[in-house]
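Single-structure report; data block below.
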C-alpha cells in the first residue's frame, strides 16, 4: 500500500501531468479522497496546477471546510470534489478542467461517444450538466454544496460529465486512471469533431466494445502512460502493481 | 502600491507572456498608462514582444510623441494606445495583437460572443472596426491619432474590439487583467469556431451570466494565471493583493 | 552491413522519433525482423516508446513467444508484428500506432489517398480493417495470432492499413523507410481532411504519380529526414548508404 | 554592404528559422543569388534545413551545376532556384517548401488571397502550377531546368506560386523579406481556410490595400521579426539598415 506521503506526491504529479498534457491551463484542479478517512479529501490550495507543490496540498471535509488551512486559500469550486465523494463511495479521485475539446460538446447539443478504444473509459455517452437549469444566471462557478450535489446527480454512476459553458468533471476509482480518462476525454472530443465534420455516419465503439475496453484497461496499461507523462512533466515515476 | 520600477517589470513580463501564450508573434504591443501622469503612457520601442527588455520601455504623450526617445524608434501604431487612454479615463492598459483566432471573426461578419465563463471578460458582443469605412484603402496600420480615435470610438465602453483584416485591441483597468482578456479572447475565438461548425444553435453565455462572471473575476483569480504565465515565460512573479 | 547492435540502436531511435514526431503517444510500438533469423523479430517490452531503452528490446518468435523475456513483460498486441512478418517475407519493419489523423479515416468510410508527393509511400488507397467483422465485440486489441493474421490479410501487399476505432499499422522493407511512411501517413490524413472540407473535387496524386514517387524515394532522401528526426529526438545519427 | 561571409551566415539562419517556424520539415530549401555574380546562387547541400551549417553551403551555376561540390551532394530540386534567378533578375532569394497550409490550396481549386495586412506580400492572388499539365505523370519533383522554367513562368512577376500536390515557391528581393513572405503565406492559408469555413463572403484585403501594405513593408519591420526568429532559432542577430 502506498503511504500518504507517496499519494500526495502522486497528487502533485497529477497536477503537473494535467498541465503538461494540456488538460488544464492556469485553472482546473484534481483531488484524491483521503486514504485513511473517506470523509476527507486532499486538494491543492488555489494555485495553477503546473505550479502546485507538496506544501500546497490541503485537507478538506466533504462539505469543503479546510481542516488545516494555515493561511492557505482554497479553490472556490472545491465543492465539485466533495459532492462527488459524498455521492459516490467508489470514487477515489476527481478532476475538474476546461480542456478545449470538451467546451463545444457542452454548448451544441452534440453527444459525445467513444471513437477509439483508448477513449472508452469516458463511458458510452457523456452527460451534460447545465448550471442554469436549476440555479438561473450565475457566474457559472460551482461555489457551494447545492451546486456540487446537482452536478454529481447528473454525473450519476458515470466517469465523466460535461458542464455547459464551463468544462467538465472526471471521476475514477484511482488517481492515475482518472488522469488517463481526462486526457483521453479531450482526445475523443477532438477526434469526434473531426470525424463528424467528415461524415454523418460515424462508427462509434459499440456499447459492447466500450464495456470490454473499460473492463480490460489495466493498472499496467495506465502505468505505461503514467511513466511517460511523469517523464514529460519532469516528475519521478513510482511503480505500482495492479 | 507598486513602484514605477515594478510596473515597468510587469510590462516587460506582459510582453513575454503574450508571446509565450501565442497572442502576439513578432508583432503586436502592450502599454500601460503612466501611474503618476494620466496624460502619458509607457510602451516598448519598436521590438518583438518576446525580445522586449526594461531598457526598451519608452514614455509617450497621449498624442504619441516620445518624451524620452534617446534614439529609440517607436512602434508606428502607438496611436492605438494613446487614443484609447484619451477616450477612456478608466483604461489603464492596452494591448494590440493579431492572434490567429480573431482574424476570421474580423472578416466574415460572424459575431463573437463568450462561449465559456473564462471568456466572459471579452464582453457580450465584440464589435468589429473596419479602417476602410472612414479611411479608404490604406496599409491597414493605425498610424495617426485620427485613425486611433476612430478605432476607440468603435471600442466604445467595451474591453475588446476586432479590426478587419488586421487584428484586435483589448483594454482594461489593470495590466494583468488586460492580458487575461487578450488570452481568453483568442481561446473564445477558437472554441466558438469549433462549436459553430458543429451546430447552428450554439448556447453562448447569457447576458446575465457574462455580467456575473465579469463582475466576480478577482485579482486572486487573475494572479493564479499570472503566476503560471510568469513561470512559463521564465519571468519572476510579483504578488499583488486584490 | 549494420551490426545487430546498430540495428537495436536504430530501433530505440525509431521509438523516440515516433514519439517526438507525434505518431505515438504513450502507446503504439515498432519492431524489426531479426537480421539473422527471419523467424524472429525484435520489439520493446511493454513501455511507452519515448521511454524505450536498449535493454528493453526483446526477441520474439513470429507467434509472439518471447525468446529471452528475463522478467520483461511484452506488449499485448505484439501479434500485429508477428503476423505481418509471417505473411510478408518482404517486410522488415512494422509500426502500430494511433496517430490522431488516421482515426477519423477509420470510422467514417472516407477513403485515404495521397495528397502530396511525400505521402505517396502510403499507397494509392489505404484499406480499413474492422476487427468486429470477424471477431464481434472485443476490447479492440489484437491479442492473438488469429486477429493478427486477419489484419495482415487486409493489409495485403500494401504498406499501410487503418484499424477501425483503434489506429493503423505500417510496414516496410526497412526501418527508417517505415517510420517515414508512418509520419507522412499522419500528415496526409490531416491535409486530406482540410482539403476535403474545402472542396468535393480534391486532386489526389494520380496512380502513376504515386507509383513514380514511391519508386524514386531513395535511402538518401529518407536519411535526410532521419538525420533531422534524430536531432530532434536527441539521438545520434548513423549514416547508411542506399 | 554585407560581406559574403555574413550573407552565408544569414542563409544558414534562414534555414533554421524556416524550420523552427514550421515552414519546412526535413525537406524544402532556401537560396540566395550570389552577391558578386548574378549568374550564380548559394544553396545548402542536400540536408534538412534545421541541420544546415556554414560548411554545407554550395555554389551553383543558374543551370544547377555545382561550382565547388567537394563531394557534397546537391538537392535534386535545385532547378527551382536557378530557373527563378534566370527568369527574374529582380529576385535575390528563393524558398521552396511544403508547409501544410499551402497543400490544400494547391489541390482544391480554391484561390488564395490575403486575409490580413501581414500577409499582403504574398500578392493579391496566388497562382497554382501543375507539373502534370506539361510533364504528365512524374514523381512531382522539379529535377531539371525545363521543369524549373515552366514553374518560373507560372510564378510570372509575383512573389509566390503554389505547386499542385507538392508545395510552393516564394521569391523576393532580399533573403529576410522572402522568409517573411513564406511564413505569412502559411499563416494566410490557415486563416483563410478557417474564414472560408465560416462564411462564403470573406472580406479579403482589397487590391489597393494589398498594394499599399506591400509597398510600406520596411526593412525595419522585417528585422523586428527577424530578430525574434533568430532568438527562437538560437542564432545570432545581425542588424541591417533599410
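Chains: A, B, C and D, in written order; residue numbering restarts at 1 for each.
Following the convention adopted for this analysis, a contact is a pair of C-beta atoms (placed from the backbone, for glycine too) under 8 Å apart; a residue touches a chain by one contact, two chains touch by 3 or more.
None of the values given here were measured: they were computed from a predicted structure.
Asks: Once the contact rule is applied, which chains count as partners of both subunit B and subunit C?
Replies: Correct list: A, D.
Asks: Spell out the chains that contact subunit C while also contacting subunit D.
Replies: none
Asks: Between subunit D and subunit B, is it the same set of residue numbers doing the touching on each side, over half shared, or a different set?
Replies: Since fewer than half of the residue numbers are used by both chains, the interface counts as different.
Asks: Turning subunit A onto subunit C with a C-alpha fit: angle in degrees, nearest 5?
Replies: The superposition gives an angle of 90 degrees.
Asks: In terms of CA centroid distance, which chain is the most far removed from subunit D?
Replies: Greatest centre separation from subunit D goes to chain A.
Asks: Can you work out the whole-Å distance between the CA centroids of subunit A and subunit B?
Replies: So the centroids are 32 Å from each other.
Asks: Take the average of all CA coordinates in subunit A, do the same for subunit D, and state the distance between these two points in whole angstrom.
Replies: Going by mean C-alpha positions, subunit A sits 46 Å from subunit D.
Asks: At least two partner chains per residue is the criterion; list those residues in subunit D.
Replies: As it turns out, subunit D has residues touching two or more other chains at 197.
Asks: Of all possible chain pairs, which ones touch?
Replies: A-B, A-C, B-D, C-D
Asks: Residues of subunit B touching subunit D in their complex?
Replies: Its residues touching subunit D are 25-27, 46-48, 50-51, 73, 98, 100, 103-104, 107-110, 132, 136-141, 164-167, 193, 196-197.
Asks: Under the touch definition given earlier, write down the residues of subunit D that touch subunit B in their complex.
Replies: Those residues of subunit D that touch subunit B are 115-118, 187, 190-191, 194-195, 197-199, 201-206, 208-209, 212-213, 215-216, 220, 224-225, 227-229, 231-232.
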